[in-house]
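Could you have a look at this structure, given as structure tokens, before my questions?
As written, the chains take the letters A, B, C and D, and residue 1 is the first residue of each chain.
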């Protein structure tokens, strides 16, 4: 977890290894729209103690399932603007298949399991917590968190 | 095709786009071993005119098959050392599934179809063109290209 | 009565109007505690809510102990 | 006789001892031309060889024209 902007190019060295022929990365960027609504900015909140613990479990599972050499995942918290990097995953491995599959596994599991929440602030003035059933369709004004 | 060292961090801006939520990359690094042999360095040779043409076809196919926004692929030629980046692929897309799948498609097809050849120079003094049936097991000395 | 430390995140933090609170409760389990707090803070209905006790995911029927930290986890949305 | 420009890469370049050459040939097709050059340069046996004519992949039986550029493509190994 990081409350400061992510600098993937600095972390690349952490997964560098002469035994590795494949290096796969994924970045999640803040998009300017979501489900048809224009997004102005985002806020990520995390339950950091459990997020770190669950994140470590996911990394251990990936290392168990795939022939990777190094893997890193960092997720932002706080206020993000359009184009900012919300999450960065990098995997180095002997071969590309393991690198791609481990990278995909990590981001999929992180999105599914790690206690991080995203609040979208829309251009129209509404806002809502993503995936929150009670916040669904915030632009209809049926449920307001402001 | 590039005869100079690759600088992925400089090209990242080429695929940046506010509409994109997913950014997947792959780098092929020069490993210190291949099929049990210790590798000292590599040489890549390319039939550049056809390599560029076939590369463009692969990018067009990827754009057709997957909902990507931007994609870039650059491949080195010339002499490479262990740890150098031989190939870099980057794809930005609205969502991660398209980014991952397009990135994987591009590197798989590039390796299969683009006329680029790799000569490995081994620590034991042997050398051989990779995937060349006539060069197989260069360390047995049955076929020598030096 | 047990003393339980609660932390709130996301939509629940906004409804509770605080990031954490300490409550004295007779609730035996996490689900009973949630019912109690949902009534007090008027939490919205959430179909897929999880719970963590002492910083790990737990079953809703786990018996609570004095001094436990409890966190209710609305649907996550990282990435 | 046709005049054909040949470019060599990888293992073929090492056997031909040149990156390109211009040949005068009676070969009607790319495969006949390859047989001629393989004999002259003692190319090693290659099971999966492709051919490009005028910078695009071509069938081995494509008729050659005067002035064509031909490239024989041993198994590739990019990435």
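To be clear about the criterion, a residue touches a chain if its C-beta (ideal position, glycine included) is under 8 Å from a C-beta of that chain, and two chains touch if they have at least 3 such contacts.
Bear in mind that the values here come from a model prediction, so they are computed numbers and not experimental data.
K.L.:
From the C-alpha centres, identify the chain that is farthest from chain B.
P.N.:
It is C.
K.L.:
Starting from the mean Cα coordinates of chain B and chain D, work out the distance between those two points in Å.
P.N.:
One centre to the other, that is 25 Å.
K.L.:
Using mean CA coordinates as chain centres, what's the gap between chain A and chain B in Å?
P.N.:
The computed centroid separation for chain A versus chain B comes out at 27 Å.
K.L.:
Would you mind pulling out the distance in Å between where the CA atoms of chain B average out and where those of chain C do?
P.N.:
Going by mean C-alpha positions, chain B sits 50 Å from chain C.
K.L.:
Of all residues in chain D, which are in touch with two or more distinct other chains?
P.N.:
As it turns out, chain D has residues touching two or more other chains at 79.
K.L.:
Find every residue in chain A that makes contact with two or more other chains and list them.
P.N.:
As it turns out, chain A has residues touching two or more other chains at 28, 96, 107.
K.L.:
Can you give me every chain pair that touches, using the contact definition above?
P.N.:
The list of touching pairs comes to A-B, A-C, B-D.
K.L.:
Hey, which residues of chain C end up touching chain A in the complex?
P.N.:
Where chain C meets chain A, its residues are 7, 9-11, 13-14, 44-48, 52, 55-57, 71, 73-79.
K.L.:
Okay, in this complex, where on chain B does chain A touch?
P.N.:
It comes out as residues 9, 16, 18-33, 82-83, 92, 94, 96, 99-100, 103-104, 107.
K.L.:
Inside the complex, what are the residues of chain B that reach chain D?
P.N.:
So the residues of chain B touching chain D come out as 28, 44-47, 49-51, 53-54, 75, 86-87, 107, 110-119, 129-135, 143, 145.
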